[in-house]
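Listed next: structures, encoded as structure tokens.
The following pair of complexes shares a single chain, chain A, combined with chain B in the former and chain C in the latter.
Let's turn to the complex of A and B:
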């Protein structure tokens, strides 16, 4: 679950008592392991929240921290430190899995900014028409009808070549559309990473609606690919 | 997550699946989607122009079991009601009837939206049809 804690509040190290920024896994002064920090996933890697991440760097940091947290290193440590090495490892894994994936990273950052994303928040702001990609609805419906027809005829053992080629065309079309959404998203990353507060807010709104659109298109690509397979 | 018996029943035996003639002035069509999960739902009604009673309701939903059950139930409920009565149906009624868990509440919202969209489309068509009838009489 997401915890947003003010990471500017310094916390004393349990071992050497030197105050440190909360969102670190090891004390910078005495190098002792710390209990799972309450900051966001970015701060686990000592990053400020941003979208255009250096993934090579992220992976490198992940491996480095994983090694430092390995339970074998705490075989002779106190019970607390043993527990923390496990808890910190779990946190590190969650953080890495979330941040390395471009879509999950974007969703996570938007959630940190207070956006309500995902099924558990669905329906709350239903009065906002931008949430439903209206231009896509009709197409999504028609494609689903064709897919159903295709599955039926496959079951019967005879496939209509026209339908087959229509669906091949649709597959390409929606794959291209997905690429288009992804490049639009990346453009908004740049706005968010480099913009001032008002342009950030604007970019957040755009990303929420791009992600809605993406979910739709992604489902269509998945379904058409499955049906043609 | 386990579906309730009622959801399973509607999913296995959906009521009123089908299509009505979109071009008929008696038919209203609502097409709605949930961006959260990519579901798409079409709900159609055929309204008696004299009594404003919904005499027929059909749906076609591509989505999860809860979305199918919600729209199936919605068609059952609106059939036999006047359009204004049908607008009284709230998504919370559907949630209660189907015992939907919190993560599936948006399926019921979608069904309510579909009812509203279908009735809205019918109303739009019919004020148009009425005015053109009046215009035809005036000639």
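Let's turn to the complex of A and C:
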């Protein structure tokens, strides 16, 4: 879904014909809106790919760019400018939505680096059963048995208080586990943002498996929460 | 701003519609010919279509015909917009109108109105055209561009149907704005407030909840939820069906066989509902066709128990919106109430509970008239789009898509490609390939909704990607770009990447009109022509002049006339003679000025007539209005008419956030 295009080739502005770098939203010379640039989501915000982002700055930039790009600002412009405003704003919104969320941002950056990862936000149907973390295999199996028992007894209308408290305990345990995964991820962000090439590659590998683990634990938390509700 | 550059804001409501514009730095509602800000969303077919073209009336005059000729009147058509045949069939159970006999599955349902048949967008177009004319009459110049509001929870088909209606009415719809967002714009106009706002919008037929973040003039919607099938109509139907059942069992009369009587009873139900917002008890007193009376007392307590299930249906969407925005009720700084149904005290109580307001010593905002606030917000958005005003140049609305967009995958499951509450415009790119060697077509089914199975979601459209170069199965790589635009409407484009060919897309919208169909339904192709416009203004001005001249002649026999002083009569006569003289001329504005002058000169006469006719004197009425009211039972509002409300929210000042 991503196009990473080398943006070294200069293109002339449609309006003033002054050549500009391709990954630009407005002509630096005449300030006219340009067709959607080919760069990645980071370049929309004039950022180099990195993981530890200042979200306040990101929001500020998002608002600033929205004011200039939004179709509301082009309601009476030429048909081309209207189209570009629509496409540019869609790109801006997609970029902001991805980058402001820590997990989506990490997934996105890893994909930019060519990593094969699942998508946490893609819904149940896309979860990949082959990626169950080995250490969780057994307890996840037990948990699923308990969940099934709970669903059955709920259907019958009586719940075992022991089972109820076991499941609440499990919910807390896996929530804590999620927090642990998140802080491990943040530690790897620092390595990736500040490290040299070999340590970056190492961090990428670790983040891919952390994300797999997170997705799996997240599903467990969701199942327990749904069953208890 | 040039006159032809005016963009108006329109609230196309289930019960009432309004048109507003920015007068300097303030949005104001444009009144209709009858001086009323609200145009009832009622369309009636006149008895005799001239030259085969339908002649319709819209608004109050259409509503008056509802009891006598219910088969020629349509209301609440918004509930039918963008809906399929089956949905419309189940909807129509509560309404006196019916589907045309020859409607086939898969086409846009048409409603039988007298001897004519109309699609819901055509009916809406008549309402829009009336609003357009009201605005043109007010400005004295053509109006061709508008912002129209829609419920935030409207899906793609409902939005497209609204846009189609605009086009049929001769309006270029510059933007569809979500109603709760519009309300937030109206409230947020003259303040540099920052914070989180919840807009709770319970209208005649739809419910919306939106949570917005305000910062530096940017109104960023965080989440939205709702029910496009929930509103004041449901409360009316509850009261109505109880009354119908009781009449059946107590008096042995099945009123359901008498559409006119059902409409009269509906009117009584609405009156009772409205009264219960300010009184502890309301009476049903209804004359049955056999002369018996159905009398019943409804204490507010009973009413509140009755409507509790309806009101509780708003709680789920509110909670979901909070979860989706990632906030708790306590984090909401302000709550804004929109829609006539929020006048019900039980609704206000529910809102206070949902957002924990009482504990935090807060009250929901009701400063702006809940019937008008959406139209006022639409006018603000119209001003933003026109881009020529200092008042709104710093304001920007960032709205979201209310429903997730997905593609039907193998096994009938849904692969979501754009999540709900994504800021729009939003896009997603997906790649498709072929499953069979030499295959040149790929079918894609796009759905909207949150459920796991495509069959449980709303079908939006089926796309056929055609003209794929024949290749080995799995080799073609077709890139399809889905884009939800700023109106919340889906656009699709596709390209085969290996051959570089632009794949053709054939869009078959599941519910909706084709471009060609819309073209044939455009109401008046000459509506915007300059010469035609001048002619129309002249005809309208003459009609208004005739109306008031007739009323004056009738008034001469009224006892109130005798109470006028001599100089008052001579002033009226002078104004009358002047109007009669200019009326035959070609100058529309001279006729209008003379009409207004005559109307003003009869101000006291109108008051005298009102005083004589009504015990509760209505002040400030002019001749024309008094005459209209006297034509009928003054004390009884029309079916679906909003009654007079005694609230502190009706002043036009924009109170500050507390």
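Annotations
Keep in mind that, in the parts below, the second predicted complex is superposed on the first by the 214 of 229 C-alpha atoms of A that agree within 3 Å, B and C clash if a C-alpha of one lies under 4 Å from a C-alpha of the other, contacts with A are read in each partner's own complex, and residues count from 1 in each chain.
The rule is simple: contacts are C-beta pairs under 8 Å (C-beta built on N, C-alpha and C of every residue); 3 or more make two chains touch, one makes a residue touch a chain.
Nothing here was measured: the structure is a model prediction, and the numbers come from that model.
Of the two partner chains placed by the overlay, neither chain B nor chain C lies in contact with A:198.
Contact with neither chain B nor chain C is seen for A:114 once the two complexes are overlaid on the shared chain.
Shared-chain residue A:212: touches chain B; no touch with chain C. In the superposition on chain A, A:56 makes contact with neither chain B nor chain C. When the shared chain is aligned, no partner comes close enough to touch A:157: not chain B, not chain C. Shared contact residues of chain A, touching chain B in one structure and chain C in the other: 121-123, 126. Within the complex, the chain B residues that touch chain A are 31-38, 40, 42, 60, 62, 91, 102-106, 109-110, 113.
Listed in rising order, the residues of chain C touching chain A in the complex are 174-175, 215-216, 218, 220, 381, 384-387, 396-398, 409, 413-416, 419, 422-431, 452, 483-486. Here chain A touches chain B in the complex through residues 118-123, 126, 131-133, 136-138, 140-141, 144-145, 212-213, 215-216, 218-220, going by the rule given at the top. On chain A, the positions that touch chain C within their shared complex are 1, 63, 66-67, 70-73, 75-76, 86-87, 89-91, 93-94, 96-97, 121-126.
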